[in-house]
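Okay, so chain A shows up in both of these, paired with chain B first and chain C after.
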Partner chain A sequence: MDKIARVNMTERKVTVEPLPEKYKGKGGRWLSSLMVSDEVPAGCHPLGPNNKLVFAPGILTGTRAPNSGRISVGGKSPLTGGIKEANAGTPFSQQLARMGYAALVVEGLVTDDTRWLLKLDINGGELLPAEDLKDKGAYESGNLIWEKYGEKTPFVVNGPAGEAKMAMAGLAFNDPEGRAARYAGRGGLGAVMGSKGLKAIILDDKDAPGVKPHDEEMLRAGQKKVADAILSHDITKKGGGLNSYGTAVLVNILNEAGGFPTNNFRSGVFEGASKISGEALAEAAEKRGGAGTMGHRCHPGCIINCSTVYAKEDGSEHVSSVEYESVWSLGANCGIDNLDHVAELIWLCNDLGIDTIEAGVMLGVAMEAGLAEFGDGPKAIELLKELYKRTPLGHILGQGAQFTGEAYGVTRIPTVKRQGMPAYEPRAVKGIGVTYITSTMGADHTAGYTIAPEILSVGGSSEPLSTKDKIGLSKAFQQTTAFIDAAGYCLFIAFPILDIPSGFDGVVETVNGMLGTNYTGDDVTRIGDEILRLERDFNIRAGIGKEADRPPEFMRYEKLPPHNVVWDISDEELDSFWDK
Partner chain B sequence: MDKIARVNMTERKVTVEPLPEKYKGKGGRWLSSLMVSDEVPAGCHPLGPNNKLVFAPGILTGTRAPNSGRISVGGKSPLTGGIKEANAGTPFSQQLARMGYAALVVEGLVTDDTRWLLKLDINGGELLPAEDLKDKGAYESGNLIWEKYGEKTPFVVNGPAGEAKMAMAGLAFNDPEGRAARYAGRGGLGAVMGSKGLKAIILDDKDAPGVKPHDEEMLRAGQKKVADAILSHDITKKGGGLNSYGTAVLVNILNEAGGFPTNNFRSGVFEGASKISGEALAEAAEKRGGAGTMGHRCHPGCIINCSTVYAKEDGSEHVSSVEYESVWSLGANCGIDNLDHVAELIWLCNDLGIDTIEAGVMLGVAMEAGLAEFGDGPKAIELLKELYKRTPLGHILGQGAQFTGEAYGVTRIPTVKRQGMPAYEPRAVKGIGVTYITSTMGADHTAGYTIAPEILSVGGSSEPLSTKDKIGLSKAFQQTTAFIDAAGYCLFIAFPILDIPSGFDGVVETVNGMLGTNYTGDDVTRIGDEILRLERDFNIRAGIGKEADRPPEFMRYEKLPPHNVVWDISDEELDSFWDK
Partner chain C sequence: MEVTVVLFATLMRYHPQGEKNKPITMELPEGATINDLIERLGIGENEAKQAFIRHKSRPFDYKLEEGDRVAIFPPVAGG
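Moving on, here comes the complex of A and B:
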């Protein structure tokens, strides 16, 4: 991984350059955020010629380190107006790394309404006309690519929402079976790709040099420690929570805790929770049979296998994957407890190319505005279909929850920095609230998953309703997460490495084995902090400072059932996050 | 003016309290901005229970000082997210002052969809149900109020756009003949009033104590100086530019200078300019006769009389008033050169209760997005009518130019701090650009009208295309303007007092006569600066800092014909505005 590919859409030119010294030894979110920070003017229009998209595999991506097949995509977000890093697990990332690319940068834009496909090879490659894919759904686009360029061709495609420059559009990478369904979903990077006229990127790995670790043996030793930890922890082992029930194993747990946002964050408990739970998914997989399965994986080398395939009643495939965040956002948050409706909504999101979290939060706000009744799945499905048609309503909804709320004068809009909140109620689980509020990304659970100690008793224990020490807790999680995102590891390795010290050592060892560095545990925090601060610095230059580190106002005065709690961590405490 | 009326919409209660010591001797924008800054949490949702509306007559309003009948309305803007002061000339302001109120504060909100009318008397008054006015146009609402409560009843009404909480909604005050057409238009304060459930305010001036100056004689002496200056200056005298041709006298002048934004700021010259000019208006008034007239006034005591009444071909009244900003925004900026179409668009804006500037900038952006062709008046009329119907398209357009552009992924959006730019091209007239960019209000020409020296050779002379000394120029104008806005004077007194020293002295004398102060010319600058800084401080607390003091990005790289110039004052210079 010693070179960068650069695609200039204005000039329709692909070039390859050596990786500059300052970027060496960096990867994933570390590299994407650094390059965005270096190359994108913070004040630029996110859909204008000066924004860029940076694709960066993790430091370990392409090696045999388990669960290391993540790709980070960076750019200025059309949703938040700040820096954005969205990541996904996909064979695409592993292939890009093996082709020797530390990063692929897309810059400039076409000024007409044409569509292009980048065919990247180890020498650069070419931009090909892609009018045949124009406005095609992400699924169909992926299928057409495999038909035309061969099965197993790694790809990333933009859905019709991204082509329409809608701010909740994400980027769909291929899964091992070729579904365009592994999303770098958050923050509207699909709209950025849409603004550039780039519909898809495919990889031609002919003569790929592969990834060469600095110290193969050390890497192998680290790998084993990480794998052992994963395979021995209750949450991540074979037959463990994630493997058996998928991420939706969390539904009943969060609902019991009163922290499962329901009906646009009006309550922390959803009556229909069990019907959309991981247990219900597993039951459906067993009962319906056919394509339905638990324990699917998003990329080779994953040993957790938390992904799922949901089948229709007749056993034919409906959609993959059905995640906790999606059953929550498109289910409980909209008052919908019919798993088939939820599955259809997820399918539509995937095909449109939009973030399921943002879509569900948006639908909750739309219901708040009176565009549908809470619980009305068929009407929610209709609303999403407006995006394909590019109706005015589609143009409102496609811009996300904040925008939809503003269009209709709604005051109960559960967002931070204009990004919809994920599936944990900040009033009921304060630490994750601190993460939502202080994250450089806008409301984002993956930025610092304090749910581990607050709800799951992983990595210690912290009372969810207490405000005590939550700033420091979130900070520590955000730092570690940024390092994991840099390494290219799946965030779920955090469960075992938080509880099993040798697993944590293994993470550091794999990185050292790859890079030839002498990082220690302290460096994990230091590097994580460095990443957060460079992102924060970009945001400040973009006009997003401490005044944006705030919860939505209604959470300060509306009591959330069943605990009847408001947001009660002070602004001063929130501001102290960046002093720590 | 020694008391404050306070209307709590949550409790439906009206109370009267003495004017606190710290607010004494303040008025207009000074008082409204100070009270908003003191009482409104900067981070609150503009449409939530914690925002407030403050109505404040000027220091001199209600006296015989010429052209002093302005009212300032303050609050947190749903359009910009920052502090907002919008002002209008209306008999309402004079009556409110004579009733002894330094300010009227509206706070809280009703949580159902009911409408209320506040009948304010010297002891407070009462909130009356106003379901009969619900969703009625501003014109009809005004007419119904005069029918029910008597002619000459001073009122302010909210149009249907404000009731729908659309961010470009303004507040319509009565003119002397009862038209609901004197707008505190900018920044969406109509949406704030709409969020509170307040449809209208009327004044019952029974037993009004009147306004008592501290030194009647000094006031009278000052008045005379101001009046003499007004009546002797070419721009403001009887038969002068404003009186003969209305404010639209500027059309041909700006067009000649290449600073007349055309087709959504694509050019500085409009081919059809002469057809929508002040000269064309005067010609129509003469030719069509009937109701059409130049030299109308917005409040008693005005001695400039720059307002107009435009007649249809049959001589019946079409709309009042047809201002420069409106013929520009709804005309040239949309490529429309048909004055009857423009008049109809103005009528619709007034009846909907929306800001004509924002509406025209929005329509330009909508045309950019392909919703209509530039120049298509009938289609523009159709688009505006969507707001009455509250269609999804209406909900997009009603939120203004920035929002409309975002809905459709447009990058050429001529706004600053989310507020549409007025009728002067910042690339061609740099000083007004500095005002747009640095104003606490978002893009606003009235905040610091450097057009005077840059285009009209009033108050000295400054080369419009030059970047030299424009920061200081704008700063001086913004300070003086804030003082004029505090005094309650119409901004047009600036023309004579900039050129005629005794006129300036008269302004200071009238204020001293009213208050018993010893202000000098230096205090004008000092007080103006104090007002700007308290507004700026609110904005910073609301998250709107120096990074928001920027032009739209496209103006940095798109050359504006005919001078082929870009925006070329650096960010560093812009930042120095607040250091001066």
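Moving on, here comes the complex of A and C:
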């Protein structure tokens, strides 16, 4: 991975350049955030000519290290106004790495209403007219790409919401079967790609050189340690919780803990939780048969297989994947306990090309505003369809939860830095609240998943309702996560490596084997911290400083049942997050 | 005393009537703990990771009270 591809949409030119010294040995979020920070003026309009999109495979992506097929996409977010990196697991990332690209940068924009497809090969490639894909759903776009360019062609596509520059648009990468369903969802990067006139990117990997590790043996030894940890840990092993029930295995436990946001964050308990749980998904897969699958994977090389395929009553495929975050946002958060309605909402999000978390938080706020009753699945489906029609209402909703709430005078808007909160109630689980509030990304659970010790008793245990030491806890998680994101590993490897020290050693060893570095455990924290601070620096330059590291006000005075607690970590403590 | 138990995920196979996560009503002697209950259900050692009563995770030596509803989980995670 020693080169960068650059696509200039203004000049419609594709060039390849050697990877500058400064960027060598970096990958994933480390590289995407660094390049955005270096190349994108922090004050630019996210949809204007000066914003860029950076696609970067992880340091280990393309190797045989387990679960390492992640891609990081960076840019300035039209949702938060700050830096954004969203990532996804997809064969696309593995191919991009094997083609020798450390990064692909999309810059400039077309000034007319045309659509383009980038066909990237090892020498650069070309921009092709893509009028045939204009305003097509992400699913159909993916299908058309496989028809035209051959099965297995790795792709990333934008849905109609991204083309309409809606701030909750994400980017859909292909899964192994060609579904446009693996999302770099958060923060509106689909709108950025839409603003540039780029509808899709496909890879032609002819004569791809592959990735060359510095020390093959060390890489292999590390890889084995990581794999052994994954396959021996109860959560990630074959037949374990994630593999058998998918990520939605979390529904019941969060609900029992009183931390499962319900009806737009009015309560921490949802009566219909068990109906939208991983257990319910597994039961549906068993009963309905047909396409229904548990233990699906987002890219070859994943040995956990947490993904799912949900089938309709008649066994035909409805949607993949049904994740915890999505059944929560489009289910419990909207008071909807009908799994078929939730599946349809997920399908619509995937086809429109929008983030399921933001969509569900937006719908919760829309229900708060009286646009639908809580629990009304069919009406929620109708509301999402407004986005296809591009009605004024569709454009309002497409901007996300914060904008929708502002448009309708709602005070209960669960966002931080204008990004919708994920599926954990910060008043009931304080550490994750610190992550939501301090993350450079806006409310984002993946940035520092303190749920592991606070709820799941993984990697130690920490009382969820206590405010004690939560700043430090979140910080440690955010630093380690940034490193895992840089390496290109799926975040779920964190569960086994938090509990099994040799697994953690394996992570460091794989990176060292790949790069020829001598990193130790301390470097994981140091590098993670460096990444967080460079993102923070971008945000400050963009005008998003500590004043934005705050919870939504209603959480300070509205007691959340069943624990009847408010947000009670002070602003001063929150500000101390960034102390060295 | 009578308590209600709900089993989740991979523990559902220990339901005495094979009814997955349908609540189980159990009669236990006064002073019985979560550990006793886990043993009574035949759940293997280390298979149960957490038990929630009234929305809090309780240690397994927690003494049960009449009418408690106990939710028992194996190790789970997601995101």
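Following the convention adopted for this analysis, the second predicted complex is superposed on the first by the 579 of 580 C-alpha atoms of A that agree within 3 Å, B and C clash if a C-alpha of one lies under 4 Å from a C-alpha of the other, contacts with A are read in each partner's own complex, and residues count from 1 in each chain.
Criterion: a contact is a pair of C-beta atoms (placed from the backbone, for glycine too) under 8 Å apart; a residue touches a chain by one contact, two chains touch by 3 or more.
Quantities reported herein were computed from a predicted structural model and do not represent experimental measurements.
In the superposed arrangement, which partner chain does A:381 touch: chain B (first), chain C (second), both, or neither?
Neither: A:381 stays clear of chain B and chain C.
Looking at A:44, would you say it contacts chain B, chain C, both, or neither? Reply first, second, both or neither.
Only chain B is touched by A:44; chain C is not.
Based on the superposed arrangement, let me know which partner A:246 touches: chain B (first), chain C (second), both, or neither?
The second partner, chain C, only.
May I ask you to decide whether A:279 touches chain B, chain C, both, or neither, giving the answer as first, second, both or neither?
second
Applying the touch criterion given at the start, work out whether A:392 contacts chain B, chain C, both or neither, answering first, second, both or neither.
first
Touch test for A:325: chain B only (first), chain C only (second), both, or neither?
After superposition on chain A, A:325 lies in contact with chain C alone.
Per the contact definition, I'd like the list of chain B residues that touch chain A in the complex.
Residue positions touching the partner: 42-45, 47-50, 164-167, 191, 194-195, 391-393, 395-396, 399, 403, 406-409, 411, 540-545, 547-548, 550, 552-554, 557.
In the complex of these two chains, what residues of chain A are touching chain C?
Those residues of chain A that touch chain C are 233-236, 239-242, 244-250, 252-253, 256-258, 268-269, 274, 278-279, 283, 306, 323-325, 445-446, 449, 451-452, 455-458, 491-492, 495, 562-563.
Quick one: which bits of chain C touch chain A in the complex? Just the residue numbers, please.
Result: residues 8-10, 12, 20-21, 49-50, 52, 54-57, 71, 73-79 of chain C touch chain A.
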